[in-house]
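Consider the two complexes below, in which chain A is the common component and chain B and chain C are the respective partners.
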Partner chain A sequence: MMKQILSVSWISLRSLPQRLWLSLATILTIAVVVAVLLAFLAMSNGFRKTLEGTGSDDVALILRGGASTELNSVLSREDQAVLETAAGIAKNNGEPMISGELYVVVNGTKKTSGTKVNLPLRGLSEQGIAMRGPVTISQGRLFVPGRNELVVGRALLGEFDGFDLNSTVRFGATDWDIVGVFETGGTVFESELWSDLAGVQNQFNRGSSVQSVRAKLTSPDAIEDLKDFAENDPRLGVDVISEKDYFKEQSQSTSDLILVLGWPLAIAMGLGALAGALNTIYTSVAARARDIATLRAIGFSSLSAFFGTLSESLALSVLGGLLGAAVAWSFFDGLSTSTLGGGFTQVVFSFQLGGALLVQGAILALGIGLVGGFFPAIRAARLPVAMAFSDR
Partner chain B sequence: MPDTPLIMLENVSKAYRKAKSEISIFDQLNLSIKEGDFVAIMGPSGSGKTTLLNLLGGVDRPTSGTITINGERIDKMSESALSRWRAHTVGFIFQFYNLMPMLTAARNVELPLLLTKLSRKQRRENVMTALKVVGLEDRAKHSPREMSGGQQQRVAIARAIVSDPKLLLCDEPTGDLDRETAGEILSTLQMLNRDFGKTILMVTHDPEAAKYAKSILHLDKGHFVEELVTS
Partner chain C sequence: MTHGTLIWKNLTRYRLRFFLTTFAIFIAFFLFGILQSFDKALDAGAELAADDRLVVSNRINFTQPLPIAYVDRIRSMDGVLHATHQSWIGSYYQEPRNFIFGFAVDPESFMTVYQDDIVLPAEQIAAFIKNRRGVLVGADTAGTYGWALGDLVPISSNIWQQADGSKVWDVVIEGIFQSSRDELPANGLYMHYDYLNEARTFGKDFTGTVALTTTDPTLNDQVAQAIDFRFQNSAYATETRTEAAFNRSFVDQLGNIGLIISSVVGAALFTILIIVGNTMALSIRERTSEIGVMKALGFRASTVFSMVLGEAFGLAFFGGLIGTITAWGLVEIARNIPGFPFVLGFPTSVWLQAFGLMVVLGVLTGLFPAWNAYRLKLSTAFARV
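== the complex of A and B ==
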């Protein structure tokens, strides 16, 4: 039986050149569909990886109760003072390791599209910088407090116009000097501008209030102590969440949204490719009808006609899938882009393809090949054998 | 050789249903052909010659009646059993050769052997033997495109005999060939009948071709109207 199937497959594959353009068109459409799906998957994956790679579980993020993001949170000087006495917070030379931060939105222009976008400007202290793992100044130097100086994240610099080192940007009525470029190892923070807290409070008329407070915990488990403290202190109305969980939550909605857009689009396009595949394979069965009938007259089974036809379809879909994956790999993998993160500001991330995603692309391609070959294969299996005797 | 004929048709009817009406091709047809015979079947176009070959080759089924070939009832066989039966009992020779254009002559001839348990080496030997019988051993590596119609038909004959079936069914085997080439093909068939004992049924329009057979059946309006034996 295997010999039969192999030789029928061989014969149908060998006859492919007779349907060269139709077959190439099918391969191409399947490739496009797979490439589009992989682009969406890689985008979702890259976004999620960037956000999930941000934040540590021994840093607590404290926001105004009910505020889901830093942007719509506000904490007063009094709140900060109470938090400095809270349980579970690590100390440095007797001082609690705590960082009040402002997070304001400024304008920027996306390099690739020229569109105006919202970018985050964060005011923070050296304590806050230290809480973000290893931060390196790759060019220039750190800002000096009180001088309206900015450092720019590496990713933001790459993706948006006007933040070159040693240039000046104007936010509102104030000019800011860009004195350095910082890197945080590919985390979301690289999509931010940083300056000193007091300067930002001053220029953006925030008085002594902050939007979030970060606290270094004595251990990841100590977050429970901090939560208990915050709940039981009548002066505080705050939510406490680990920094890691915060970014995880932020990533979920956007990466889900990308998938929710991507899969239906890929499936809709996949249906188009399926129609093309069906047409191609039906054409192939029609063209090979006499050959198939002749083989059946010789004694080949209808099953071999079925699998011989299916194999042609699968061959086209495998080629299409490989081509699509190759295109996605060479054009999308590692491609840097930005999109709206959970905080209404841009997050820079790069497309990331991986084995698991390629498997999904392969499933889509093979699905098209299987369904696109199945029905023509049934027709091939049911061809009347007497057709071998019919006229040309 | 046993007395029972190789082919026996008893009360075979065949009708095609077209739209609402039924077109009867054969009605209560009886026929027996003994092993080793070479029969030419003649008759006007549409008289059912090809239909008869299809029934005998297990490629089509009768509406009623029984068909017994080589002691086996083929009218009631399952599809897959019929496939296997065809593989070792019948060899088909078609008017338009029906070779696979992308396979070499040898590969075409090998096709029926892929259904057997023969090893690759044995298959190659049998293929070369069959090609030698039809005088084409030097064309094994050629593709059908590189061969004349007569040569292609000889490759098709080699394919039909390579698995050594008892029965050869030929539908206008010389219908597409000039007279001289047709003569060569018919001589080859005659030789297969005479030297290898193949039972041959050959549909033809051409009275000259029919003369190569041992007997001629005239099919008309669903009946054999006469049975002539040539000299």
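== the complex of A and C ==
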């Protein structure tokens, strides 16, 4: 039986070139559908990975209660003083490892579209920089406090105009020099501008207030101690969250939205491609009707006729899927872009195709191939044997 | 039998094939209609903006504040008719997820500048202006939370805080407004700037943006430049744009959505072009001898040509119309869902584009087979039997 199926499949596959254009069209349509799906999946995946790769679980982020993002939060000098005495915070030479930070939004220009977008300027201390894992200055140098100097993240520099190394940018009535480029290993922080906290407080009229406080924890579990402390101190009205969870939460809505748009679009287009595939395979069955009937007449089973036809459809969908994946891989994988993140500023990320996504693309392609072959295959299996002896 | 019936009979000869091809076209035009409508929805903020209104924001970024004193200084400038200002309050009701587009405004000048946009009875406007804790809410917002005129409602802000540490501001619903344009939802909340400003702990005497009307829309550029020039050397340099450009800048933040939409639509249309083109070519090839017979019977070559082209057009328009009408129907249903987050519409331009695409599809898929049929020699036609 297996042998029969294989040989009938072989015959029908060998006849593919006879319907070259129709077969190519089917391959191409499946390829387009798979490429569109993979583009959306890679976009969603890339955004999620960038945000989930940011932040560590032994750093606590402290915001004013209910603020939910750094942009909306304000913490006074008094709040910061209380937090310095909090439980669970690691110490360096007896000093608590804590970083008060400002997060102000400034304009930049997106290179690809020329449109004006929001970019974050973060005021922080060296302590704060040290809390962001390995930070390297790849060009120039770090800012010097008190001098209105900025360093620019590698991703921001690549995606936006207006912040080139050694250039000057004007905020209000003050000029800022861009003195260096920093890298943080592809995290969200590379989409930021950094300067010294006191300078930003001064130039943006923030007095001694900050927007967020980061605290290095003695261990990831110590966040519970810090939360207890914050809840029980009547002077504080703050929310404590691990830095890792903060970015993870921010990734969810945007990456889900992209998925929610991508799959229905791909399925709708897939239905269109399915109609094309059905047309092709039905035509193939009609063209080979005599051959199939003849095979049946000389003793091949109807099951082999069924699988022979199905294999043609599957072959087309596999080829289409591979082509679509290749197109998506060469055009979209690694493509850098940006969108509005949870902090109301741009987050630079790149499209990331991976094994799990390719599997989803393969499922879509094979789904079209299976359904597109199944119904014509039934027709092939039911062809009357007598057809072999008819004239046409 | 007229040519039209003959075309139809030819189209529907293989019912399954006709159905499948129509379905593929249907899908493509359906996607086209939905995505174009969505694209237009993103532009709605810009397209529905008043053309004689300008928005002044901080040059650094619109989230940076402007001194409240700027309002009077702008008001006194040449070419400025009315000016008012708005501050984002980041408001929500009870839970952060019950988010409300809320602004603190100067009630009197706000009503002057936006009188054509929001509709409510004069006595409600008067009551709102009089009560320092009064607010205006959109009818949709009021409906969502079951608010009625005179209700005392606690509104929370995720930004501003009162001196006692409270983030809740008690306000009274003094007016419930409708939107003057059906396509815009009546949502949002407007409270008194003074009420917010006096109690808040930081950011006092600053505002978000200044909105102004000019005495003549042709003066817009001139007025905008004059304002920006006036403040250019202050610590709060300004950027003055038309309301449309200001609204547009929010959508631009999301990324190049227009490009994504046109890529998807392009991919979908390309797919059906291939499917339909091949199906047409196939069905004409299959009928080679038949076309030979028609010619032998005395049908002119030009008639045969137009009949094949007509078949392609018939296919494109049949599937295309069903697809576009379905998209239109779905958009109509969606926009009548209360609280639907997008300002969806199905403007005439989408219809026209869809018709244009149907014509293009018909030509591209029909021209080649029609030309083949036109050239077909009787000898070739019958040799192929």
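Remarks
In this section, the second predicted complex is superposed on the first by the 392 of 392 C-alpha atoms of A that agree within 3 Å, B and C clash if a C-alpha of one lies under 4 Å from a C-alpha of the other, contacts with A are read in each partner's own complex, and residues count from 1 in each chain.
Everything below uses one rule, namely that a contact is a pair of C-beta atoms (placed from the backbone, for glycine too) under 8 Å apart; a residue touches a chain by one contact, two chains touch by 3 or more.
Everything numeric in this text was worked out from a predicted model, so none of it was measured.
The larger set of touched chain A residues comes from C, when the choice is between chain B and chain C.
Contacts of A:Ala268 after superposition: chain C is touched, whereas chain B is not reached. In the superposition on chain A, A:Ile378 contacts neither chain B nor chain C.
In the superposed pair of complexes, A:Leu257 makes contact with neither chain B nor chain C. Of the two partner chains, chain B is the only one touched by A:Lys3; chain C is not. No residue of chain A lies at the contact with chain B in one complex and also at the contact with chain C in the other. Remark: chain A residues 21-22, 25, 28-29, 32-33, 35-36, 64-68, 71-72, 74, 104-107, 110, 112-113, 115-118, 170-174, 204-205, 209, 237, 265, 268-269, 271-273, 275-276, 278-279, 282-283, 337-340, 344, 346 touch chain C in the complex. The residues of chain B lying in touch with chain A in their complex are 50, 53-54, 57, 59-60, 79-80, 83-84, 86-88, 92, 94-96, 98, 100-103, 111-112, 114-115, 159, 171. For chain A in complex with chain B, the touching residues are 3-4, 7, 11, 14-15, 290-291, 294-302, 384-386, 388-389, 391-392.
Residue ranges on chain C touching chain A, taken from their complex, read 16-17, 20-21, 23-24, 27-28, 30-31, 58-61, 63-64, 90, 96, 156, 158-159, 161, 165, 167, 202, 233-237, 249, 252-256, 264, 267-268, 270-272, 274-275, 277-279, 281-282.
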